[in-house]
Structure formats: C-alpha cells, structure tokens
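Here the chain labels run A, B and C in written order, and each chain numbers its own residues starting at 1.
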Amino acid sequence: MSTVVDVRDLVRDYPMGEERVAALRGVSFQVDAGDYVAIVGPSGCGKSTLLNLLGVIDRPTSGTVSINGERVERLSDARATEFRLMRIGFVFQRFYLMQALSARENVELPLAEAGLVGAARRARAMALLEYVGLAKRERHRPSQLSGGEQQRVAIARALANAPALLLADEPTGELDARTGREMIALFERLNADGTTIVVVTHDEDLARAAKRVIHMRDGSIVGDERAR
Amino acid sequence: MTFALLLALLLAVPQDSARRSPGSARTIAIDERLAADLHIGVGDRVVLGAQPGDTGQYAIVSAIVRRGADPAEVARSEYKIRLHLTQLEELIGYGDRVDRYAVATRSEAAIADAQARINGAAFGFHAHRSRDIAVQTSATFAVVSRFHRAIGVITIVASAIFLLCIMLLKVDERRRDVAALRLMGISAGTIVKGVVLEAAGIAVFGSLVGVGLGALASWLVNAHYQGVYRTPLRFSVVSGDIVLLAVSLALALGVVAGWVAAKRLVSVPPLSLFGR
Amino acid sequence: MLFTLAAASLIRHRTRTLLAILGVAVSAAMLLDMVMLSSGLRESFRGLLQTQGFQLRVAPKGTLPFDTDATIRNADSLLALVRARPGVIAVSPVLGGQLHVPTATGAVTSSVLGIIPRVEGDYEVLAGRQPAAPDEMVANQRLLDALRLQLGDTLRGAAGYDAQLRSLSGERTLRIVGIARFIYMAADQKGAAVPIETLRRMQGADSDDKVSIAMIRLAAGVNVDSERVAIERLLPRVTVISIAEALNQVDQRLSYFRQLAVILGSVSLVVGFLLVTTLVTVSVNERVGEIAVMRAIGVHRRRIVLQIVMESGAMMLVAAPLGLLLGLVTARYLNSILARFPGVPAKLDFFLFQPSAAWTALGLLALSGVLAGVYPSWRSASLPIALTLRQEAVG
C-alpha cells in the first residue's frame, strides 16, 4: 500500500511577543492511501496547525512533509497553490462557501481553476453533488441551504479535482447531532470509495468512525491507534 | 508727466558703440522685462523709432521700472517704455496731443461732479470713472473668475460624493461595534450622534489639511505664473472668507454624509449587523 | 465564475457602488474636460488658421499679426517679390483700420479690413457677394444691426475721427454688397471689409503702400518651413509666421489654460483613483476570509487579483460613459463662459471634442481603475492563508 502522507520531525513555532510558542514539537507519522485518520486532542494541542501544514497553507519551522511522494514544505506560492488545487481537498468547520455562487458554481470553482470548461465542468460538478445527495439543490445559494447541506456542498467542492488527500477541520463542529451523524456516514462512504481522509476533530463519534486515531497533546503525538 | 506707449524698439546699443546722436539724447525708463531680454542697463544708449525702418532718436536709459500688477497685461508679451510726453509726441509725430489724461479729485464725492463738468464743458472729451475702466480692462479676469467658479462647483459635487462614500465605508467598517453597542442598549440616537460627531471631526480636520495644501498650491501657482508672465500679480489668494467657506462646506457635507451613513446602519437590526 | 463573484461583490453594497460610480463619473467628466481644454484650444485655433488655406502670415518685424498697430511699408513691391516665388499660389494683403459711421446719436465705430476680394482669407460671405468696385463693402451682421442697415444700403463712413473736434477724416460713401462672418473677430465685434486701395485712400497719403499683414498660400508639396525661411531672408523687415509658429505663440500666451487643464486633470484622476482604491481596499478587507478560502482550495493569486481588478474595472466601465456624457455637458457650459473672453474669435472653441480626447480620458481612467484594484487585491491575496482563516473563524 502506497504512502500518501509522510511527515518527519515536524516543528512549527510562532513568534509571540519576544518569545516563540511551539505549536508542533517534532511530529512524525505516515498515512497510507485509503486510510481514514482522525487527529484528536485538546484545544491548542497543534492539530489544526498540523492540518494546515498537510494542506500546504502553512510552512513548518523545520521538518519535512511529503504528500504522494512530493516534498511540499518549501514549495513556492504558485506551486503550492497548484498542488492544493489538484492534490488536496479542504473541508472547513464553517463551510466557507462563496455566498454569491450557487451550490453547483461553488463546486465548479476549483474545476474552472483547473481549466475544465463548459459541459464537462458542469457534468463533473453535478456528479459530485449527486454523490453528496444535493443534485436537486444545484441552483440554491448557500444562504438557502441548511448547515448540513452547506457542508455537503463543501465536501463536493473538496472532491472536485479528485484529490489524493481530503483534509477536514472539525467538519461536524457547526452541525447538530443528527446532521453530524449524516456527515460521519458520508465520510465513511467517501473512505470506502477510496478517498484518503485526515480529519481533525473534537467529535468522539467522528473519531470513532475513523480507522486510525492520532492523539496529540502540547504539540506532540502522544498516541496512535488503529480503531478497528 | 510721462506717458506709456508700446514702441518698436529697433536697436539697443551700448554706449561705447553708439553712433552720434542727431540731437541731445533724452532719458527714458524701460520695464525690467525689456531690460532683461535685451540686456540693457541704466546709462545705456538706445535708438527709438516709431516704425520699423525709422532713423529714430537716441535716448538714454535712466531707470528700469517694475510693472504694476495689471490683469489686463497678463499673457501679453509686449515691452514698455516710458518717455517724456513731449519726446513721444515728437517721436511719433503726434503733435500737441494726448490720448487720455487722468484727473485726481479731492474726495470720492467730488468724482461725479468732476465727471459731469468735464463731460458738459470739454468739447470732444468723455470722462470715465477709473473704477469703470478697471471693470472694462479686467473683463478677461472676470471671465477666468467665472470659469474658476464653475470648476469650483464641479469640485464641490465631486467632494460631496467622495465624502459620502468614505463615510459610508467608515461606518460600514464598524458594523460589529455598532451591533454590540445596540445590543448593550445604547440608543440609535446616541450612535447617530457619535457617528455625526466623528464625521464632523474628520471633515474639519480634512478641510484644515486641505487649506494647508491649498495655501501651498496657491504659493506654487503664484510663484509659477508670476515667473511665466513676469508680473507681480497674485493669481491665487487664500483669503479668510475662502477658508471659512471651505471649512463650513466640508463641515456641512461631513455632517450630512455622517448622518446618512449612520441612519442607514442603525436601521439594520443588530443581529443582521453581526451577519447572523 | 470570476465575473459572477465580481458582480456579486459590487451588488452586495449597492449604495457604496453607486456612489463610487457617481464619484468616478464626476472625476471622468472633469478629466475629459481638462483633456479637451488642454488640446482643444490649440486644435481649434489651428482649424481657424487653416480655414482659408493660407500657410504663412507676414507681419511687421518682431510682431504677431494684428498684435500691434505696426504696419509694413512699401508692401506692394515687397509682396510682389513674394508673389513671384514659384511655390507661392496667392498673397492676400490686409490693412487694418477703423470705420466710423456717424449716426443721429453719435458715431458707430467698427473694425475694417482692407483686402483684395479675390484672394482674401478673413471672412466668409454669408449673403450677397464680394466687393467688386472700390466703393463696395461687406459688413457683419453686428455692424448692420448697430447701423440699422441691410444688404444693398449705402453708408457714409470715415477712416479717421478726431474726438476733440468731432470731425471725420477720409470719408467715403460705401455700398453694402455682402454680409460676412469674420473668422478672426470676436462674437461681439463689429466688422467690415473694403478693397485695400479704398481703405488706403480713406486713411490718407500715409497709407498709400502699407499693409498690416499679408497671408500666403503655398502650392501643395512645398515645404512650409523652408519657404518661411526663404521669404524672411528675402524680406528682412518682416516676420514670417507659419501655422506651427502661430500655434506656439498661442500656446505660450494661453499656457495658463493648458497648465490648469493638466493640474485639474491630474487632480481628477487622483481623486477617482483614491475613491476606487479606498472602495476596493475596504471591500477586500471585508473579504479576506473569502479570499483565504479561495487560496486554500487552490485558486491562484493572479485570478483573485483579476477578479478584484474586474470589480474596479466594471465600476470604471459604468462610470466612463456617464462621465463622458457629463463631461460633454459641462464642457459646453464651461466653453460658453470662456467664449466671453474679450477679443476671442467667435469660432474658437476652448473645449474641442476629439475622439482622441475621449480615448485619452478613458484610457487614463481605465489604467487608474486597474492600478486601484491591483495593490489591495495583491496584498489581500498574499496574506498567510492559515492565519487569516483562523482569525476569520475567531472573528
């Protein structure tokens, strides 16, 4: 089984006044293709920082990050953008959909950026909305959708360019319990269909659904277990 | 009495190389523009003629005079020479005649009386008040002044829009603060007053900065155009009433803009301002 | 997609967008007016000088045409030399003077030109015909109105008037055979033209052989500047002025308006630029989270810049035609003010609309719109994505 994520000795610290605060203190781990990993831990333990580094939207102070065999920690801005577009799918706690665009247009946004045009782009976006169960709401604006529906659109958007890795930051954090459960089921289905997922969460149910749980505390990995 | 008239100055020669004078040379005054352009100084001898090709007469430059601030002369490139009246009459073959003469009266009240008496008694003359002549000769500047006023109105319209736009932006930026204040129970009226006060402060401060910039621009304009047109005339004056007008106008516009912007904001429910 | 996002951003704050468009339109109007003013006067004057096809003007040495009362003596023989040159098609001598016409209440005084009717280039005959006999004249409507005369009437005019003695000199009876529009006269100026020999006789023996100026029409293909130099060498007591030289003189005298136009035009451009920059900056600051998300999902920085430049460009695009219209209306109004300058030819326009003026104004506006959008958008698209998202989540 190939390795999708390979993190070695990852350190990330931030300046805070005259001092530096360590968010990550030498984290190392691998994620294989098709895996479903939940990173858990108390607030401020560094899990979101780790996710940002995996998502190539932040740079480590030291250490290396390889995604799909490519070192990404020192990519130029343009190359990092390109990498995010084609290899990484992001799902945020607050969905972050473009309010001016319809559900379908939101899914089309990364496809358009990747150069897909016309009917092919629309067809791909519709297929993804179909996958997350929102084909009938393609024309709705985010403000006309419920929280759960918005998160589904966000997942469809994240999957647009068939990324090697899907990253989710507290994807159930803004949802009620029932919608949260639906979201967990969707993640399980995604993983079952071959998507490699790394999710940062406080949600125990979501963590339990993952195949592997990494426990973090004070910027370090303190536990790494296979759930089943 | 001297009399000013534009003359064709045919030749200016330094004393050393001067030819013999046909008569005794008399003295003239020239303006500093002519002195500078032809490099003539006090004591130099020049030949004056009324027409190109005239033999002319010798004259000695006895004074270099500075021009008065006469709007009618701006943008005209001609030179000025002042001669003794009899000398000029002789030079141009004008005989014992003048084009006009000035009359000084003892008081303002005597002007109308003197004017009526001259017009009634002196055959062939017409007396004009200096003020009327000034109005006529500064017709050019009256037009320029009207032009500037029209541009000023356009500028005020543009400024009003600009100010309103900026105030809307400034107030919009504080949506969350305003929402928090409203939720704390601060009345809409108090918020509007606060915003209007802030707008007024910005407008007054901005207009004072503008007055400073205007004074600088005015200084630059005067320095530039006094050099270009070689005149002591002041083209731009930042006077007290102009400053007062600018500040009051900015204040009024600022208050209106602030009021409109604040009213718009407080009419939105606080929770909507939070984006919920 | 980008267009939708840009449009949505503009529509989201309608009042703000509308005000910005209005502000830019006023700036655009002012800019157009100033571009028109800076080149219009020159071009209008060029048109005026070229109306009758004379490329050169001969004036007494050191003077500009009709700038002083100076005249060229022995003009007939001098101009014969010019006429004999192979490149010269026509020479039109002009003598200036005044025509005093006694009326019941005093005397009406008008400018009068002595011309050779078949080669004159100072007026257009609107009704009637050119003077064909020594006692015939053309007059403009203003003079006819002042005298309450009409085409075909005769008048008793004089070239000289002694105010002290109230006596006329050089009187002559003239018949009005044409109504003319004098090209170089002001709208409120009374004007007339008579054959040059007639005016010389009226002005007395002293005027026998002199002219105020002469205009020269050259054959096609003749180099105007070398001909100018050659004539000046031939006639050392005159100044020969080409249209280019006359325009330079006008430029010098009216540099005030050109400079004013440059200053006010620049101020308008800066105000428009500031307005759009402020608006775009605020609008972008409100959307840093949205921009960070777009960056996180792989949208390139240049695309985000493009989207925001499209927003400022769209505002400029809507404001431009509005400003163009407003500019034309205000130019007309401002021109009507400046047309009242004493002595300015009636046909001279201070604000001349030329497509190039509109394109220049629009080009400058578009450029400032693009520049106004580029910096704030580039800055916001360059913010650290992770940090911005975290701050937005907290905010």
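Following the convention adopted for this analysis, a contact is a pair of C-beta atoms (placed from the backbone, for glycine too) under 8 Å apart; a residue touches a chain by one contact, two chains touch by 3 or more.
Quantities reported herein were computed from a predicted structural model and do not represent experimental measurements.
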| item | value |
| --- | --- |
| Partner chains shared by chain B and chain C (touch criterion as defined above) | none |
| Most centrally placed chain - per-chain CA mean versus overall CA mean | C |
| Chain of greatest Cα-centre distance to chain B | A |
| Separation of chain B from chain C, taking each centre as the mean of its C-alpha atoms, in whole Å | 23 |
| Cα-centroid distance, chain A relative to chain C, in whole angstrom | 66 |
| Cα-centroid distance, chain A relative to chain B, in whole angstrom | 69 |
| Residues of chain C touching at least two other chains | none |
| Junction residues of chain A - those touching two or more other chains | none |
| Chain C-facing residues of chain A, complex | 48-49, 52, 55, 57-58, 77-78, 81-86, 88, 90, 92-94, 96, 98-101, 105, 108-110, 112-114, 157-158, 161 |
| Chain C residues within the chain B interface of the complex | 13, 15-16, 19-20, 22-23, 26-27, 29-30, 60-63, 67-68, 70-73, 162-166, 237, 252-256, 259, 264, 268, 271, 274-275, 278-279, 282, 285, 330, 333-334, 337-338, 340-342 |
| In the complex with chain C, residue positions of chain B that touch it | 6, 8, 51-53, 75-78, 97, 123-126, 139-140, 143, 146-147, 150-151, 154-155, 157-158, 161-162, 164-166, 168-169, 172-173, 224-225, 228, 264 |
| Residues of chain C defined as touching chain A within the complex | 1, 4-5, 7-9, 12, 289-290, 293-301, 303, 382, 384-387, 389-390, 393 |
